[in-house]
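You will see subunit A twice below: alongside subunit B first, and alongside subunit C after that.
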Partner chain A sequence: MTISDFGYLSLLFGLISSFIVFFFSVLNIKKDLFNLEKKIYKFLTLQFFFVIISFFILLYSFLISDFSNETVYSNSHTTKPIFYKISGLWGNHEGSLLLWLLVLTSFILFFFFSSKNEPKNFRHYTVIFHQIIVIGFFIFVLKTSNPFDILFPIPSEGLGLNPILQDPALAIHPPILYVGYVGTSIIFASALAAMVTGYVNNLWAKNLKKWVLISWTFLTGGILLGSIWAYYELGWGGFWFWDPVENISLMPWLSLTALLHCISTLEKRDLLKNWSIILSIVTFMLSVTGTFLVRSGILNSVHTFANDPSRGIYILIFLFVIIFISLVIFFIFESKNIENKKEIFFLSKETSVLINNWFMIYFLSVVLIGTIYPIFLDVITSEKISVGPPFYNKLLIPFLVPFFLFMSVGPSMNWIKTNITYKRSYVFYFLFTTGATIITVYFLSQKNLLIIILIFSLVLLSIKTSANFLKKNTNHGQNLSHLGFAMLMLSILFNSVSSTEIIKNIKVGDSFISKNEKITFKKVKTEEKKNYSSVIGVFEIKNDNDRIIKLNPEIRVYNQPVIATSEAAIKTTLFKDRFMTINLIKDEQLFNVRYQNKPFMIWIWISTMIIIIGGTFAIFNKKKNFN
Partner chain B sequence: MIKKKFIILVFLFINIFGNCYSENKPYSKLENEIAKNLRCLICQGQSIYDSNSEFALSMRVYIKDQINNGYSESQIYNMLVKKYGQWIVYDPGYSKKTFLLWFIPILFFLLGGAIIYLRIYKSKKI
Partner chain C sequence: MEVHLQFLTKKKILISFALLAFLIFCFVTLNKALNENKIYSPIFKNEQVIYLPDLNLPKLFSSDEILLGEVAKYKEFSLVNIWASWCVPCRDENDFLKSLENISSLQTIGINYKDKKKNSIKFLNDYGNPFKYNLVDYDGTASIKLGAYGVPETFLINKNRKILLKIIGPINNDHIKRIREITND
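== the complex of A and B ==
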């Protein structure tokens, strides 16, 4: 028996524990045997424990570079720094699924532990529905993606990790993103359980909100890390490309955002029951669909690293089973959770939430249709089309204006009914926003009407949201996230309208002018590192007041596997990023240099951090009764 | 220096830049704009603008030539679509095939608006 066999066996035992948990939970609902609860606890812990053991065995194999394990052989190398040996574990399909399982089993344990005050049957049904997912994933791992496959004879060296994945941001990106994705499985199981037990009410909403916030915050963090990575690693200076894999992380984010708003309404007003359930189910579906689309290799994307059609089919079947179960439960138990149609006044927080959901679902439908339409068209008519940034810009940007305007007034509404009386502050807001917009437009020298309107609505959103901080009894988590969102949109807008770039082929010693800066190509040097060697260009940038900035873009040739990457040189200041990449040209004297000025780049990251801080604040905030 | 030569050789061997494209002028704004809207057909989800592959570079030369020949942006797109198919442009455009692509999201928006309107309007009557 090798250590890898133990890893596999441990997963098998994990699967068996899941069946036992499932069985006991069903039994406990029927017969109401109190001591079974303790057994469920035990086996949930055991199941988690077994997954942890396999996880650590795989980790150990990566650390000691045990190439008898195929996953390690395919994704690691002895010369790799220890940090990337660890991240190599989830930088591939098999290992990343083991991480999925780890998060999945730890979450259900945590749920069972933290939900003691909730109705017994609800908890047990949640465990049952969740175990269906857990068992599905266990079988998926064991049957199609075993991370413990053994190689014989044992290779003396591994194949190495794709160098563009050897990066600190990307190393922690999968775990963060997975917490977000997997959190939605609890939301899903809990929604079905609440349906079955007739527990779809404000209590349920209050408890579920915590899980929604956790998933949402982590998903935001995961997307942020992915974007940062794309920005400095993929080497074109962009951070979002409407690439299918990016879209796939955005879709659950949009529906989670909708759910987060919707669940507050259910919590405060006992409204929107069915809609909350539908959103909970849809969010989880989108997470699984995402895994399906990425892992099946259907998508053509920069981020597709490993795929295999048979896995795609398995996930597809799994998806259909889950959808089928959800539909059946929804229609059978819908009558158990009838809500009395309370009156909704037009000027109320309820309406604001509905409008938020309206736009979120619209944005979601744009991203969803844009991502899957080309696939269906290809299958049906075998014609390939590309749906890229122009499509998203046309369908999203015009709708952002009303969205921002609604968002600036929505949080100030009261539950049930808001009485609008004329206030002097409205005049102030209007004048201030107009003034600030005129100044901004002047500085950006913008003539595009749509952009001017966007700036106006964003400035209004920013100051209205900032003003909310001063109110009594206000929700600071929400204020922070909303403010972060407004700042994010402003930064992206400024960044996209005033970025400049210059692409040139030059020799060592040459210089060129970009705006008011003179860029000189000083020299080329070479460097040897443990896992790569590199050619580094030394550039000096001199601006008007004779300050010299040095930029050193790199070309790296990794040894295992042999892949060349272009490392951008980035100098970040508060107001702009200077971004430079070089590339070799066959004519050895010349280098292809791409130099970009990217204003407010760092604010894109900072504002997303503020959104995340807002979410974290809301998770830990004990004071729950606002407004 | 031998080291450097070696790295460059390895680099050229495993990568890109097959053809001798060593134009000395920077790309114009229009050229970059067009390059951003075109897919690099031999790459995984990259645009001509993002890519340094041989294909992308020859496309760059093609774009430059066509601009010099006096063709407009949309004419260049049309020529490329004729040659390589709709796959090459990131803008799916409006046609019979893409009608649903544009229409479904708009339908979602209209339906959503209608549902919300009815919910608020109807609840008043009760």
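== the complex of A and C ==
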């Protein structure tokens, strides 16, 4: 028996434990035997323990470069730095599913442990529904994507990890993203359980909110890391391409954001019960749909991973079984949770939450249609289309203005009823926003009316949100996230309207002018590294004030597998990024140089970080309230 | 468990059926999409004949459009090459394409993929223009219809747009030999 066999066996035992947990949970609901609770607890721990063992076995195989394991052979190489040997584990289909299982099993254990003061039947139903997902994924891994397949004869060298995946941001991107994705499975199971046990009330909402916050925060982080990777590594100078793979991480994010707002209403006012349930179910469905679209190879995208139809069909069936189960449960038990017939006053926080939800659902539908429509159209009419940025810009941007305006007043509404009285501060807000907008528009020399209106609404949003910090009894987590969001939208707007780009073919010694800067191509260096060799261009940029900035774009030729990648040289300053890539031209004398000025790039990352800090703050803030 | 059958109202039954029908539709479509082969290869199953779709494409050096099928009729064989100025392998490929100029029965058609006009013309000036006809696919939709999934990609077709050879990635010496064999040069 090799070590890989142990890994496989361990997964098999994990699956058996899942069945036992499922069985015990069902028994425990029927009979009132308290001692089963301990057994469920034990087997949940055991299930997690088995998964972690196989995870470590695979990790060990990657670390010692055990090429008798097919996953290691296809995705690793002896000359790879140790950091990427580790990240190589989840840089492929099989390993990433093992990571998914690890997070899945650890979360349900954590849920069971942390929900001791909640109703017994609710907890057991959550475990039952969650185990259905766990079992589904166990079988998926064991049947179609076993990470412990053995190769014989043992190859002496591996194929290596795709060099564009050898990047620090991308190395930690999957674990962070998966915590976000998998967190939605707990939300889903808990929503179904609450439905069945008639526990959809403010207590449930209060407890679920931390899970929503955890998933939301991690999902935001995962998306941020993915964007950072696309910007620094892909070398196209952009951070969001409306690529299907990006869209499918945005969709659960949008529905989670809607749920986050909706669940507060349920917590505080005991309203929107069914809607909360639907959002919980939809969020998880979108996560699984994402897995399906990425893992099945149904999409033709820059980062499609696997191309095995049998995997796709398995996830597709799994997805539809889960949708079917949740629909049936929803229809049977919907009447058990009677919606409060409270009137919603139109000037209230309830209304603003509803407005937020309508916008989120609209954005979600646009992204969903843009992602799915080409697939359906292809099958039904065999017409092939590609949906790109123009589609999203046209459909999303006009709706952003009212969205920002509502967002700037929404959080200052009160629950139940808000009385609007004239205040002097309103005039101040209006004048200040107008002034700031005029100054901004002047500096950007913008004449486009839509952009001017967007700037106005965003400035208003930023000011109103900042003012909320000064209030008493205010939710700082929410304020931070909202402010971060306003800053993010402003940065993206500035970035997209005032980026510049120059493409030139030049020799060593040549120089060219971009706006008020003179760019000189000084020389070419070559370097040998452990897993690649590189050609480095040395550029000097001189601006009006005679300040010299050096840029060293690189062309890397990796040895395993042999792939040339272009490493962008990026100089980040507070207000703009200078972005340069070079490419070789056949006669070796000339280099193709692409030089871009990208204003406010770093603010896109910083403001997303602020959103994440806001989410983290809210998670810990809530915990304080529990005690 | 106390589940009564009260939940079966008329409205609910209707919604359930509508949802169920919709789900079945989605499932069938997605399942079909999964099993469909998106990249058609020249190794045709059962002697299957595949034709390159006929499309109207704008010309690079003028503003009018032309039908691909129209251009294909001018000579016995056409080599349709999808390229872009930002595509590095397209540069290496350029010499190979030029070497095909002496085949009398063959004409080359270049389709410029998702590119800026300025850059693409500069590319042709810098490396030489190997194409008899230069057409443009600004947004990449034409290439998808043609069944290409990236640049560079090349189709060898006959007068009737029947696909004789499909090359994914840059052209190499072996491909050149194959093209010469097919065109009897």
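Everything below uses one rule, namely that the second predicted complex is superposed on the first by the 621 of 627 C-alpha atoms of A that agree within 3 Å, B and C clash if a C-alpha of one lies under 4 Å from a C-alpha of the other, contacts with A are read in each partner's own complex, and residues count from 1 in each chain.
Operating definition for what follows: a contact is a pair of C-beta atoms (placed from the backbone, for glycine too) under 8 Å apart; a residue touches a chain by one contact, two chains touch by 3 or more.
None of these values were measured; they are calculated from a predicted model.
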Clash-or-fit label for the pair subunit B, subunit C on subunit A: clash
Touched partner set for A:Lys143, first subunit B, second subunit C, both or neither: neither
Partner chain in contact with A:Asn505 - subunit B first, subunit C second, else both or neither: both
First (subunit B), second (subunit C), both or neither touched by A:Lys341: first
Partner chain(s) touched by A:Pro389 [first = subunit B, second = subunit C, both, neither]: first
Subunit B versus subunit C as contact partner of A:Val379, first or second or both or neither: second
Touched partner set for A:Lys529, first subunit B, second subunit C, both or neither: neither
Subunit B versus subunit C as contact partner of A:Phe320, first or second or both or neither: second
In the superposition, subunit B vs subunit C on subunit A residues touched: B
Partner chain in contact with A:Pro244 - subunit B first, subunit C second, else both or neither: first
Touched partner set for A:Lys515, first subunit B, second subunit C, both or neither: neither
Touching both subunit B and subunit C, residues of subunit A: 300, 383-386, 388, 503, 505, 564, 583-586, 590
Subunit C residues within the subunit A interface of the complex: 3, 6-7, 12, 15-16, 19, 23, 26-27, 29-36, 38, 88, 91-92, 94-95, 119, 122, 126-127, 139-141, 144-145, 149
Complex interface listing, subunit A residues touching subunit C: 292, 296, 298, 300, 309, 312-313, 316, 320, 323-324, 327, 331-335, 375-376, 378-380, 383-386, 388, 503, 505, 564, 583-586, 590
Complex contacts: residues of subunit A adjacent to subunit B: 234-236, 238, 241, 243-244, 300-304, 341-346, 351, 354-355, 357-358, 361-362, 365-366, 369-370, 373-374, 377, 381, 383-391, 395, 399, 501-506, 512, 524, 526, 528, 533-535, 555, 557, 562-564, 566, 583-588, 590, 592
Footprint of subunit A on subunit B - complex, ascending: 3-4, 7-8, 10-12, 14-27, 32, 36-37, 39, 44-47, 49-50, 52, 85-92, 97-98, 100-102, 104-106, 108-109, 112-113, 116, 119-120, 122-124, 126
